[in-house]
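Look for chain A in each of the two complexes below; its partner is chain B in the first and chain C in the second.
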Partner chain A sequence: MMHSAESQNLKDGEVSTGTTIIAIPFQGGVVVGADSRTSTGSYVAVRTSDKIACLSDHIYACRSGSAADTQALTDYIRYYLQQLKIETGRPARVKSAAHLLQKLVYQNKDNLSAGMIVAGWDPVEGPAIYSIALGGTCLKVPFAFSGSGSLYITGLLDSEFRENMSKEEARALVKKALAHAMARDGSSGGIIRTVAITAEGNDRDYTSELPYGPVSY
Partner chain B sequence: MTAGSQMNANNLHEPAAGFDFSNYLRNQNLLQTDGAAPKLKAKKTGTTIVGTVYAGGVVLGADTRATNDTEVAERNCEKIHYIAPNMYCCGAGTAADTENTTALISRQLELLRMDTARPSRLVTAVTLLKRMLFRYQGHVSAALVLGGCDLQGPHIYQIYPHGSTAKLPYTSMGSGSLAAMAVLESSWQENMTEDMAVQLVQRAIGAGIFNDLGSGSNCDICIIKTDGTVDYRRNAVKPNELAPLRAQVQRSGRLNMRPGLTPIIKSEFKPHPVVAAGGETAMEVE
Partner chain C sequence: MASSGAGYDLSASTFSPDGRIFQVEYASKAVENAGTVIGIKASNGIVLGVSKPLLHKMVVPSTCSYKRIHSVDEHAGIASTGFLPDARQLVGRAIDEAANWEDQYGVKVPPEVLADRLGYFMHYYTLSGGLRPFGASCVIGAYDQDTKQYKLHMVEPNGSAASYYGVATGKGKQAAKTELEKLNLHKEPCTVDEAVKHIAKILTMLHQENKDNEGKPLEMELSWICEASKYKHVGVPKARIAEVTAWVQEQLEEEDDDEEEAMEE
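== the complex of A and B ==
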């Protein structure tokens, strides 16, 4: 049985967002998506959790790994971005958010278990997606997927991803990929939450109707 | 004993000359077993606590058993703690941790109410609790269900010992949480009346009391309404009364003797001699 990298780093009794998180860009923005299952061991602690954290007006972070660690990290970054906005007079860039998060994760790598995707839109770069792995690696990527369930959809995303999709196409791809991952990964499940981030605003949605589910053979 | 320590019956109280290696064996043992401090075994804590939102507020429920491993330390303890006039918190985990954590945050909130001249909000309590628990990295074993009503409406939060939180319409924590959650998942509805919500919580706690060894005795209920009133029902349901069982035991009549059965033959009173202060009965110290 495959076990996720996160499950090895969690302490006894710690709550895990063993999960699937995705970010797919489209023309003018990014769609981020996540499942909603939070587990302690084999018990589902919260079946409708929100793993897509708002960092600022146009920047979101998807959380995977330890629930406590990632909640604390996103609270810190939200605070730093508010400070940056006051100090610079401009909304923060996605790159800034990602690198602030990288700094925290890297410098505390011994005590944290957090794999996150930072995605959003800013006036400098437009849509941008950064993936921050367990040890603190920060990579700018064309599309990102992470969490224990992401292993099952690498091939699907590699073959289905196209540049310059529309918002609806990107959202549909996010839901399809998440549904497939949730069907195969025990640590992912519940509902599919998506947020479409654009310059004009953000569009949050959720669905409990999975476009793909357990197949009856 | 190893060379260097002089341990015999005659000089037990004398420190050994030179280095004392008597702890060497102990340290070797520790390194073999664990190296560091003994690992705390992760266990679901002996309790069933439940919280749910309803149309007019929130209802919190808890069992009343406090355990020391398999022994029942207290049969009727209180697990619903006061946080603020509009907030109560059920606690599962180490009793000392839950009581002191909730008391600490309760006092911090009171000071904040004095500073801001406003009623406390649940998000404030949740943030204070999660920041503290995260700082202690899970060593403060307090799993909490916080419920109350503020200007934004009724809320229920669940808080884990490591510092993660979740906002939910209904939740359960503790070792009996699976039994309680089974009841909640089958019967919970949106916009319940107060009676429906109280019945649901009582059934959920009852599921924990009867199906979980770590939970038992009675069910406490606390209803916090959006208009600010609190109805704390201590021992709302008592399904495990001991008095009728005790009454059935036939005990000898000699154990309960009324006053007056023993006849008094003679009665005498002698006052105790009073000694002057600093007199000849003063103690002598060598």
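== the complex of A and C ==
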């Protein structure tokens, strides 16, 4: 939901995940999705990258912005959540994961370029989605979309999103929105990766068959 | 049981030949000689009570003067006894731990984590050179927002922390424990309103049984966490304390009468 200002904040030759990332809730869980293009300028460094990081059993983060920064951040959060689970004996709350990430981003905002979505399920609140923007703003949202490609699908998502979808409907919407973003954003492309997160477990998938191609007319 | 430390009690970093650390045991003595604290975990809340016999006429008799129960966070409170300035330090540490936790993780600290953290802290002071153990015990009552449960913990000078249905410490610990066991809290928890009455009654009984307290008024500090307090740790309202004090007086008079009748045969 914000324009990633990668061109200003990335160093020469630094790799960016100019990206589209999405999280959509359904009854009992959340579907997160991302494209797979990692670019250095106009060169596609990795065509099939995985921008969906596992933070804990039921919490995932989608990464956009500097690949190095977001990888470092998710590594830290994964570690903190492991320690948290040991100390409290209970699974971490999505709220805590988002809060930790917000602190790191805010305190290091001068040196980071990271726009992330933290989404998952916990026994206290059920499904939850948090969007963490460049400066460290953390917002709890009903659904989230971020990255350079997200601009092109704001209208689509606003009109197609409904509460209480089923897992399949949510997944289909995630893929459709990503496909449309990938069609228009040069920094987004490749395959569509999705993860459906529920209390019972997580279901990771990818597809190279986009519901909407770059040219369909 | 008085035993001579015989040179093994000079430092907290010395074990005795029979595996005891005397300095830590002496710290517990400070707690045993101080005012009684009782905590009860009810089915729908937690009640903490402290016996504060008014020491002498010149002390201002209000809860704010040498306060014994402190709030650590909105959802947790500590009733402490022993060497009171030590207890105050521990409360300060608990407040820091709770605030830090919320700052890091965005949620209120879970009760057992708070108790463990305080335990670690107290334990550290039993094995670091130059430091002495804390001469105070803390009874922690807290509400766990995630699991929606109430928890009661006590942390002792040696650093050990445990979770309780009902707990008593301080001078009247033995007598209070006997009374608590009669309540069968581990089999059938009482309600929070009953808990307030039980604690008030036990504290009053203990106060009256001690001849030294003849003529000295008892002041009780009572706090609770329950639905009525919106799940926050607050003092039991004054009106309720007045009601309960009157109820306790009645009860004790009835029991006295019963005893006298029994003796008249």
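Note that the second predicted complex is superposed on the first by the 211 of 217 C-alpha atoms of A that agree within 3 Å, B and C clash if a C-alpha of one lies under 4 Å from a C-alpha of the other, contacts with A are read in each partner's own complex, and residues count from 1 in each chain.
Quick note on the criterion: contacts are C-beta pairs under 8 Å (C-beta built on N, C-alpha and C of every residue); 3 or more make two chains touch, one makes a residue touch a chain.
The structure displayed is predicted, hence computed values, not measured ones.
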Fit or clash between chain C and chain B when superposed on chain A: fit
Partner chain in contact with A:S49 - chain B first, chain C second, else both or neither: first
In the superposition, chain B vs chain C on chain A residues touched: B
Chain B versus chain C as contact partner of A:V124, first or second or both or neither: second
Touched partner set for A:R90, first chain B, second chain C, both or neither: second
Partner chain(s) touched by A:A133 [first = chain B, second = chain C, both, neither]: neither
Partner chain(s) touched by A:H99 [first = chain B, second = chain C, both, neither]: second
Vertex chain A, arms to chain B and chain C (CA centres, degrees, nearest 10): 110
Which of chain B and chain C A:Q71 touches, first, second, both or neither: first
Which superposed partner A:V15 touches (first chain B, second chain C, both, neither): first
Smallest separation in angstrom, by C-alpha atoms, between chain B and chain C in the superposition: 23
Chain A positions touched by chain B in one structure and by chain C in the second: none
Residue ranges of chain A in contact with chain C within the complex: 84, 87-90, 93, 95-96, 98-100, 103, 123-124
Residues of chain B defined as touching chain A within the complex: 39-43, 130, 133-134, 137-138, 158, 160-166, 168, 178
Chain B-facing residues of chain A, complex: 11-15, 38, 40, 43, 45-46, 48-49, 66-68, 71-72, 111
Partner chain A, residues of chain C touching it in the complex: 103-107, 110, 112-113, 116, 146-147
